[in-house]
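What follows is a set of structures for review.
Heads up, the next two complexes both have chain A, just with different partners, chain B and then chain C.
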Partner chain A sequence: MTRTIASPAAVRQVRYLTWIVVLAVLITVSLVRVLTDQNRMTTPGTLRLALIAACPILLAGLGGLWAERAGIVNIGLEGQMLLGTWGAAFFAYHFGAWAGVAGAIAMGALGGLLHGLATVTFGVDHIISGVAINIIGLGAVGYLAQTFFDGYEGGGPRNLSGYAVPREVTIPGISSAARWVSEQRWFLISDVAGAIAGVTTRLSLLTILALLLVAFTAWVLWRTPFGLRLRSCGESPQAAETLGVNVYLYKYIAVVISGGFAGLGGAYLAMVASSSFTTGQTNGRGYIGLASMIFGNWNPTGVLASSLMFGYADGISLLSNNGPLVHAILLLLAVLLLGYAALKFRRGERMTAYVVAGIAVALFAWYLAVDSVPSDFTGMTPYILTLFVLAVAAQRLRMPAADGKPYRKGQAG
Partner chain B sequence: MRHLTKAAVLVGAAAVVLSACGTAADNDDSDDNADGQQCEAVELEGDPQVALAYDVGGRGDQSFNDAAYAGLERAQTEFGFEGTEGEAASDESEEVREQRLRGFADDGYNVIVGVGFAYSESVDKVAPDYPNVSFAVIDGFDPTEDDVNCNVAYLTYAENEGSFLVGVAAAETTESNTVGFVGGVNNPLIQKFEAGFKAGVEEANPDAEVVTTYIEESDPRGFGDPAGGQAAAEGLINDGADVIFHAAGASGIGVFDAVTSADLWAIGVDSDQYLTASPEQQPHILTSMLKRVDVSTYDFIAAAFDGEPLSGYTEFTLADEGVDYSTSGDFLPADLVTEIDDYKQQIIDGDLEVPAEP
Partner chain C sequence: MQVELRGIAKRFPGVIANHDVDLTIRAGAVHALIGENGAGKSTLMKILYGVQGADDGTIVVDGRERHFSSPTDAIEAGIGMVFQHFMLADNLTVLENIVLGAEKMHGIGEKARGRVREISAEFGFDIDPDVRVAELGVAARQRVEILKVLYRGARLIILDEPTAVLVPQEVEVLFANLRELVASGCSVLFISHKLDEVLQIADDITVMRRGTTVGTADPATATRQQLAELMVGAELPSPELSADTVTDTPVLSLRSISLVDDTGRTLLADLDLTIHRGEIVGIAGVEGNGQTELVEVIMGMRRATEGSIVLAEEDITRLSVRKVRERGVGFIPEDRHRHGVVLDFSLWENRILGHQTTAPAVRGPLLSPGGARRDAERIIDAYDVRTPSVHTTARALSGGNQQKFIVGREMSGDPILLLASHPTRGVDVGAQAAIWDHIRRARQEGLGVLLISADLDELIGLSDRLEVILRGHFTAQLDPREVTAQELGTAMTGGAA
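The block that comes next holds the complex of A and B.
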């Protein structure tokens, strides 16, 4: 596992390549949209739905990133998110919207603290502790909801609605202009405008916060001494210890922050994605968050990109009469994978190239064989995409070296 | 083939009845089961003890389960009993439901209501073990029609008829000539709502188009996913829908959120949802398709207290006010109410057939 240190010129070249890839993907999307006449692929409405579906996954994914960068596998994200949904509802009901957000973070952090106690102090296997947290989260939220919400106005033993939620803002001018452009259905320009309109129309302050947290995470973990120390606990805790880093403390901080992120994801579900609380409303988004972290290669921008993709798949699965749209996306996937295969081939990774090209051809054949994807499949889209992308991208992923490994103080001696 | 089996069962049942010298032959009509088998009323041991097992979404969903609770409350004040309730989790298995029902029966509850079709299978398995307990399944069906449990009542509704009426309301209210439907789970029960709604829209405004989304294909969590409800409704709004009817239980709160943000109309379901909506949502709830789960729950409990527990299928229709529409909020203009009531009368009189499948 040696990594060569990149020269500034090489870094510039990578950045340059990234932009080319992004542009190529954009052009492909736009081409497929025009060819298949599925304009809903990039309308502001669809992209707004995708963004809202993506944010809870993003926050869970960032939570997972914080923990795993310090060497702790946090499968308990789902349970911490659940605690967050309850915290958001309870505190928002009594003290207002932002108290709800804070309460959700606190509840999630509490779940994180529990995970830290088990894994760091008592050395419990991370997976076992995480699964336990998920079960505890589910039970605790059921109990708390029954105890508190039953007597509330707009509440029941499993539900609560009618509490305050963070405000939504529309950026005037830009929103309507972009919307107009997107309706012209011009090649490329309308697609970009659709995205701009999607993020400038009725944007929740919590969405802005979630996006800012991506930059915040990247800055803290990669640009501050604190972040360097935290990451060193995930790569080689023994080495960190010899340099005087209090590994236990850093692991605790990381896992508590991780839980807080998951809790915020829960708040997003209960305040932005809907305005009501119901027990068990995370529906596995914590796990999808974990998948987005892995696919995002333990890297904030990667997590953002992959959660947007999962969110998009989630969003279109809820559109009416979406068979033809999902059908068009088959074509899109086939073309993108073919491009990926060509890239691999050029780099000499022939085996991978053949496999990916094979999948692309199969998708293309499926595209040609049917006119519309049956609705049973469209609901599965997010999960199929997850499986699929992980299978294709798995070789490129690199997790922190000491991720999930037990660490005891004094091992370095 | 199906008819053949039914005929065979009929002959078999007739033979049984004959050999038993027709002891059960002179029972009430409502005790008739679908296959011609006849049942005697269940003998409850001791006073009726009532237990209510909720569906996914649970009490506080401001919709289906709350309606059942309202029926329980009414019976409680009238007959003065304690009663108990059980909540369901969104991804629980068949065994958990069975355990819940057995738990009630073992604790001495002898009038047990399963709220929601999901209890059909578990009641069918549990009921034979407790012959002196009267079960009901709201929206239920008998999964083993050849083997009828006489102590089970299936309370069903003509949802298509009620949905037809709100379809008329939607068709006359829409300005974009596009109306939406959000279903919780794509199953025959919810399709019945869709079918009636579509028929109503088409009847009143042939130019209007109905766009449809189901939150889940088969997973019952579609009834407990407000985020999914909101996303589904926003999708329909993007398609141009300006009136959206939902049949999605607790997920419907998300539908109300979406129409409230977009300043459009929603149509509630099961309960009169105008009454339970938040003040911001209230101005956007045009009407509700009432499915009087409270009436049937109450009727079932009352029958037990009268000593004649219900058995077999009982359908609640427009004619007996088992389904209806609401006018709370006074958003429907008087001439529209007249029009809807006219259709209502036609359906009651049998002049208008409402399809039950889309």
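The block that comes next holds the complex of A and C.
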């Protein structure tokens, strides 16, 4: 087992290393962009799409984080998100945009409550209950849409449009200045400017809310007594019980909040990513959210970083004529993986280094062999990336010690 | 703080765990509660700490009758408990573990950290609040548990078998800590079945047997013998060897065995060891110094990085576990639930495990349920395994009976070498005596035995020869006929023997 030593000096060193890695990745991206002349890689438009694609994944990932930190595996995120999409459409149609957001959260939380009832009270296996909730979510949303939306103006048995959505804001000055810089195609500076323009132009209030929730989650879980208790339920519920923590209650709270986050993710899909509702709108994003939580090592900032990555992959699959761009990204991936392999090699983990280097070489060979990647493949990109990333990073991840384990009261000691 | 328990009773489906329990703990005293495993001590403690509710009886704290429906109530009444299996979350820091559930007292930040430092210094605990618990050793974890209790201002501290995991030197430190606690006005309830320790530390003694309190004793006048008789109603068995049976024929030879793990840490360093027919070699060491790895290397569960292993003139260094077992190696694993039995398999199915290539468990390429059943019945008779039938699942048996069944299974098929890892851990006194008998008999029948144990009396009493293992090295060879537990403990922790 690998151990992390939490002395302040070590923490500082880790932070310092993180910044170096971030900088190195940025430079690589910029270099590849210039070399391949695929400027769309970091234009404000692409990055804005990436951010919009990332937010639902981020919200689902944070939802998963809340549940798993309390020891409950919530694979039902997908179903809870689906419930959220319907809640957003229904309540926004009748009562306005923010009522829609609240309705989505409530619908997701309802799904979470169901998961809590099954796993906490009845001790059902977490995976089985989660899969059941996904199936129930799909069926329920189909039924609800048909029952309610069919007669609405702008509605049909499987869709609804024309409801209010949260406002978009553009930060004046910064947005246009960054856009101008990004158009100059300068090395590195234009890429950073592209990112700045991406997050300051036509930014939905829901996006801001999603980003704030990252900080909120980190603060609640790590800085408040409530968070300590919640995390203790995921690490050692028996210990928590002997110290007077009502483990069942905290697990319920966690899984309901988890469902609420997933529901909000659903609202994002139905209000920001697109302005209309269709059944089955989540399209696997709940699962990707779960993957982003795992890859983010059960940490809010990690979830943010990994969902941005998945979001980027998801976002470029939406661009038109994206074959050459994905082709350029093959090169980017090959270079990044090679760098990772070198890092591993220096740490003495030879086997991992060879495997990763092998993958990098294969990607490079593929890059040289073709001019463009077929568009069927680009749709798969986020999922391929998930597999890659998990295969490479899995050994370094540490989940809460009692995650997914059944817990019954009165067994302590 | 004075605590009285009157007429406590607790029933589980099919079992009466406690009945008519009376116990009075004086203020400022160490009260020892002794009894065999299964006598109902742990259930009683869980009732006193509010983990489980009593069906009958009353708890009186300082003259007031109290009802505890959860540990919170007990904590609020000033009762704190240190469990035998520590109740700590490994991935949280010491501070987080301590303030959990008591956040209202001093928050979870700087003030709480200061308070933990203060208590730690007051009793000489030497604990850094910002270390992750996973990085601490057993003795330090125990001090964290006691800190946890003190932080909540407990006036009665319950310690459930606190010395089971400690070496003698650590026990001394613990006892010194307990005396300071008592001097500062706390009461201590000390649960144990180690009579010497009880006589050393206790001010009062209460004995439990079969779920009820059967008597009290005064440690100033009571003897080991009297306590033992109260506890089991009979003389305590002790591990001792009969006549010398050691021969010159080697059964197992380890030659310069080394093991290095993936991260480059040396787990075993250049070990040489020979076990002869009819000889029991004991390995003494604080847990985690390479004992587990040594057994795994011999069994073929891990591959030695260097060196060779010879079993009866055949090199088995690179053989698989199955092949090693087929060559005649019996294995009593240290954690029987992880390695010894499949808890949800019936006994006859468990009989097949590890013998899935040899009669009577198989016939040709197929399993032979009939043969396995008959042989499981033989084991149940010969090894006195108390079970309704061979169809009972292993989970339904007590730890002692599971262990007796494992011993019986491992002795089937005429082994020539027996690896016994903590063979009597967590079993009651009766089963312990029976297992000791079986190991002695194996020795008489000419098996070589490798005995690993944390029970120093067991090691000294059963072994013909003792090797001390420390950080993967054999650091000393001791003669069990001359060494005392105290000297052995010193050698185990690296002090001069």
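Some observations on this one:
Keep in mind that, in the parts below, the second predicted complex is superposed on the first by the 407 of 413 C-alpha atoms of A that agree within 3 Å, B and C clash if a C-alpha of one lies under 4 Å from a C-alpha of the other, contacts with A are read in each partner's own complex, and residues count from 1 in each chain.
Keep this in mind: a residue touches a chain if its C-beta (ideal position, glycine included) is under 8 Å from a C-beta of that chain, and two chains touch if they have at least 3 such contacts.
Predicted, not measured: the structure shown is a model, and the values here were computed from it.
Once the two complexes are laid over each other on the shared chain, residue contacts for A:Val245 go to chain C alone; chain B is not touched. In the superposed model, A:Arg398 makes contact with chain C only, not with chain B.
In the overlay built on the shared chain, the residue A:Asn159 is in contact with chain B alone; chain C does not reach it.
Ranking chain B and chain C by residues of chain A touched puts B first.
When both complexes are overlaid on chain A, the residue A:Ala369 reaches neither chain B nor chain C. In the superposed model, A:Ser275 makes contact with chain B only, not with chain C. Using the contact criterion defined above for the overlaid structures, shared-chain residue A:Arg40 touches chain B, although it does not reach chain C. Once both structures are placed on chain A, no chain A residue is touched by chain B and, in the other complex, by chain C.
The touching residues of chain C, counted against chain A in their complex, run 42, 45-46, 49, 51-52, 70-72, 75, 81, 83-85, 87-93, 96-97, 99-104, 107-108, 130-132, 134-135, 148, 160, 263-264. Residues of chain B touching chain A in their complex: 57-62, 65-66, 87, 89-91, 180, 186, 211-217, 221, 224-232, 234-239, 250, 253-254, 257, 261, 276, 278.
Those residues of chain A lying in contact with chain C across their complex are 2-6, 223-225, 228-229, 231-232, 235-236, 238-245, 348, 398, 400-401, 410, 412-413. Considering their complex, residues 40, 43, 45-46, 48-49, 52-53, 138, 142, 146, 149-150, 154-162, 168, 202, 269, 273-276, 278-281, 283, 314-315, 318-321, 375-376, 379 of chain A touch chain B.
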